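For clarity, chains are labelled A, B, C and D in written order, and residue numbers in each chain start from 1.
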Amino acid sequence: MKWQRLLDDTLHYVRPQLGQGVVADYIPALAAADPRAFAMTIVTLDGEVFSVGEATTTFSIQSISKVFTLTLALEWEGQELWKRVGREPSGSAFNSIVQLEHEGGVPRNPLINAGALVVTDTLVRFSQAGAIDQLLALLRGLCDDETIDVDSTVAASERVWGHRNRGLAWFMKSFGVIRSDPNEVLDAYFRQCAVAMSTEQLARAGLFLANEGRDPITGAQVTSHERVNRINALMLTCGHYDMSGDFAFRVGLPGKSGVGGGILAVAPGVGSIAVWSPALNRSGNSLVGTLALEQLSLRAGLNLF
Amino acid sequence: MKWQRLLDDTLHYVRPQLGQGVVADYIPALAAADPRAFAMTIVTLDGEVFSVGEATTTFSIQSISKVFTLTLALEWEGQELWKRVGREPSGSAFNSIVQLEHEGGVPRNPLINAGALVVTDTLVRFSQAGAIDQLLALLRGLCDDETIDVDSTVAASERVWGHRNRGLAWFMKSFGVIRSDPNEVLDAYFRQCAVAMSTEQLARAGLFLANEGRDPITGAQVTSHERVNRINALMLTCGHYDMSGDFAFRVGLPGKSGVGGGILAVAPGVGSIAVWSPALNRSGNSLVGTLALEQLSLRAGLNLF
Amino acid sequence: MKWQRLLDDTLHYVRPQLGQGVVADYIPALAAADPRAFAMTIVTLDGEVFSVGEATTTFSIQSISKVFTLTLALEWEGQELWKRVGREPSGSAFNSIVQLEHEGGVPRNPLINAGALVVTDTLVRFSQAGAIDQLLALLRGLCDDETIDVDSTVAASERVWGHRNRGLAWFMKSFGVIRSDPNEVLDAYFRQCAVAMSTEQLARAGLFLANEGRDPITGAQVTSHERVNRINALMLTCGHYDMSGDFAFRVGLPGKSGVGGGILAVAPGVGSIAVWSPALNRSGNSLVGTLALEQLSLRAGLNLF
Amino acid sequence: MKWQRLLDDTLHYVRPQLGQGVVADYIPALAAADPRAFAMTIVTLDGEVFSVGEATTTFSIQSISKVFTLTLALEWEGQELWKRVGREPSGSAFNSIVQLEHEGGVPRNPLINAGALVVTDTLVRFSQAGAIDQLLALLRGLCDDETIDVDSTVAASERVWGHRNRGLAWFMKSFGVIRSDPNEVLDAYFRQCAVAMSTEQLARAGLFLANEGRDPITGAQVTSHERVNRINALMLTCGHYDMSGDFAFRVGLPGKSGVGGGILAVAPGVGSIAVWSPALNRSGNSLVGTLALEQLSLRAGLNLF
């Protein structure tokens, strides 16, 4: 029960910091979250699940969905995707439009909002069953849990307050980088952000990223080893907006955060970790979630470097 | 007939350059323009009209409309307008979104696209008769010509290809700088750009700008002397996108260009000048139109400096 | 004595604002200035001189020197100068290095620091008598006053604290835009900024700018009419750092400010105006000086627009 | 002899590409390099050395020196260093000055030129024996080779052509981020770039980075495990200018390139790899060197993700 003790120790260490930071308030549905809530789950490659805190409470995964839509888009569009989105850290805030203008409408990477809109554009164009239905099918399959769904209240709220993302989408449309109807892309994007999952579900869903692309429990090859290497590299270099370098510096693992307070981190060859705590640091990443991952990485010797 | 001779000489001088530059091609309706077309009209304060070239042929006034919508918006909203739009040269291309991001969504000045969208937002909010109807009423009244109208083919084309402006509008909406529905603002904006006028009509309509705000023929005070000083200052510093300094350097008069190839220039105390030639320089201003104004300014001693 | 009364009225109007703003403190020699000091002088084309306040007290002309070095550089290098410096408003603060990087080391215009360093590079390369001796010869000749000189205390202080300008000069050297030794250019630059003049001297020196390039008193043609048109256009569009548009909007005259609190303004066909008040607005222009020029322009009907 | 075969296979694979790319030509001493030269060395944790190509030919390590100066500076200044330099990817070219201006003169990370100048400033301030002597002592000690030295011809050439770096240093001095005399910092910086090493020496020197900070051969603890984690994280996120993301994506290892054509890569727990091939890609990283590391990482299963 080494993992359980490590998680318990981690919670003990971070508990005094709970409540620090600021809950995202750009939409009412997120602003209602308890800033002191906390959950952390690790699923190991042999399928064991260890948790502390409210690990079955669902929250809005927000930008963490970008990892799963990227996985799907790479399967469907392959290398062509990289013509419309880069793989360099952005060096700017998560919703920056500046680099888009300087670089012909091509976003720096698929884990910032602009790049994720390009990824969703691929889903809209390639998926026959509908972009969101395919994303839900992937997540439900990985978790063997048909209850995973979009929180329609959050999705509606995203749609009402998504002015900035609308601006990004139309701006990229003007460069031809978005190819389908921006309104359709935006609709799917707002819904993917509103998928609700618990840390147990999220860690379970991300397990293939720690195992060379193959889900170790079902045996399904979700994507190739090479693609997982690349998705993880992107998470490490670009997964935390303009604090990606700081996350690599402190945690030393691939990770992707969402403004709902969740973070999915990957320990290749070991397991998949999800943490949730809604209060955010100044870059929009879970403040205590990052601290918890830093501690766990240190205590368990997970740092890749 | 001094003015007629000056215009004739100017045309003689610029004729070898006709066809240089590139006609705007972002919408089909503009791309069809003859790159060798040319017209120039001066209306003096005593109401005399002198022209050369196709001075009764209408063309799309495009961004020149920004001068007239600004005049209306200042009447209606007054100083409050300057809280949502600046009055500094932008130092960037006409459709730049970079400064918007760095400066809280507040465009640099009302004569670039982003700033003109804010001005149109004011028209949409304040005009009871509808923004475009009020603009047309102003232009028709100034010209005593009820035929001035929106070219609906051009307007429809603008609407289809206006991705970048949609991006700008939603981006500013995200900062609260656009206050009404961006789709309504965009609809009005696309139509104002598509107003069709000849150089005779345009020079006539701009005459109040050369006469302290009062139309010298009808006697109507269109706006105050102080506001005209300010509108002219903005035209001089910001009227030609990222070649505004070059226009001031070469012509020395307030002016506003449009990608349809028109330019409206103001000689305070003398008269109002309109020129049209569809082929553009690299900054989107009429290449031969600018040259013609430079020559006329030099020959007639109109340079303000 | 209309002008005397206008000046008296202007001082009466601005007196309650004296002391507002902040005196430049980047070098000790400037920080010692009295924030409530004030002087204003107009010299008319017929050579009459009208003043209020401390019009014979000298102050550091700082960036106002850029107008006179530009005049010399254009005489010596002619049109070639424009290959290494632009003539567009910068849209950024006075010591910005950003646009330099984006635009191949070519500064936006000769009235910001980077552009003035390029102008001084021309002086260093072309002047046989030494750049500063030639500048002093010009100023002394225009004012018929051999006492005009560099304040060596200020110059020494500029040299010690001129890190940013050193950075700009070496950066432009890396692009080949600065052609002589940057250290020599910087030395001349620090001394030109430290020239000390009174408002009476400054207004007298700038008179040729209001009279088509010819000094109306001595009859000397300092530069051509065309060049004066262009220097004035640059002052109007670029003379007040990132508040150039605001100055044009409020005053409607070509002008150049310095962080010593001086402003030189030009009323073409009327006269030359100098104002001094050391406390600055947020963009580094004299706060009360700008207000005084706005009032005088309004009361005397000097606004060009 | 697994490693020897892997290196042989790698050379076989990349040989057809030798000569692609462009040798750095900003100083004559670098421009003379043979674009088809190639060497690659891996030193494993047990001290075995495997090489292909010209593995004992020395070349200019250039920016790879930044890894070793950073190691020293962290020992001497500790956490204080991070107040004057960040740890985020820059998202811009290696000599960018733009972000410096936007971010108060604090460079994004210690592996770009501006950040490395801050690191060298620390060396200049803290080292009693002289910054370069300390750096050479470190490298000579790690390699047990007293012949490692600065190539004085290259250093002199760097000094003559280092205009851009002079600009950066003075610019940061203006913000107080550089604390000692910029000329002294620049002198040390130009010399550290001119250190000449072979791939055998470089791989040997970097071995502590693959072994938790301890040199496995001498047993010396060069720096702490935690610091090595962080140096490696910085190399992974920031080690290849604006292609750092691409390197992580393709190679999946921490690495640092230099414009002399060298790259040092770290395989934690396995060994240290140096490659050299002078022809560069558009971002200034060895074109064939990157390709060779990509192949070796793939064939040997070194990718961290």
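Going forward, a residue touches a chain if its C-beta (ideal position, glycine included) is under 8 Å from a C-beta of that chain, and two chains touch if they have at least 3 such contacts.
Not measured: the values here are computed from a predicted model.
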{"item": "Distance-maximising chain from chain A - centres being C-alpha averages", "value": "C"}
{"item": "Intercentroid distance (Cα basis), chain D paired with chain A, Å", "value": "32"}
{"item": "Cα-centroid distance, chain B relative to chain D, in whole angstrom", "value": "55"}
{"item": "Centre-to-centre distance between chain D and chain C (centres being mean Cα positions), rounded to whole Å", "value": "47"}
{"item": "Chain D: positions in contact with at least two other chains", "value": "none"}
{"item": "All touching chain pairs, where touch follows the definition stated at the start", "value": "A-B, A-D, B-C, C-D"}
{"item": "Residue ranges of chain D in contact with chain C within the complex", "value": "96-98, 100-102, 163-164, 166-174, 182"}
{"item": "Residue ranges of chain A touching chain D (in the complex, touch as defined)", "value": "86-92, 99, 108-109, 228-234, 236-238, 242-246, 248-249, 252, 254, 266, 268, 303-305"}
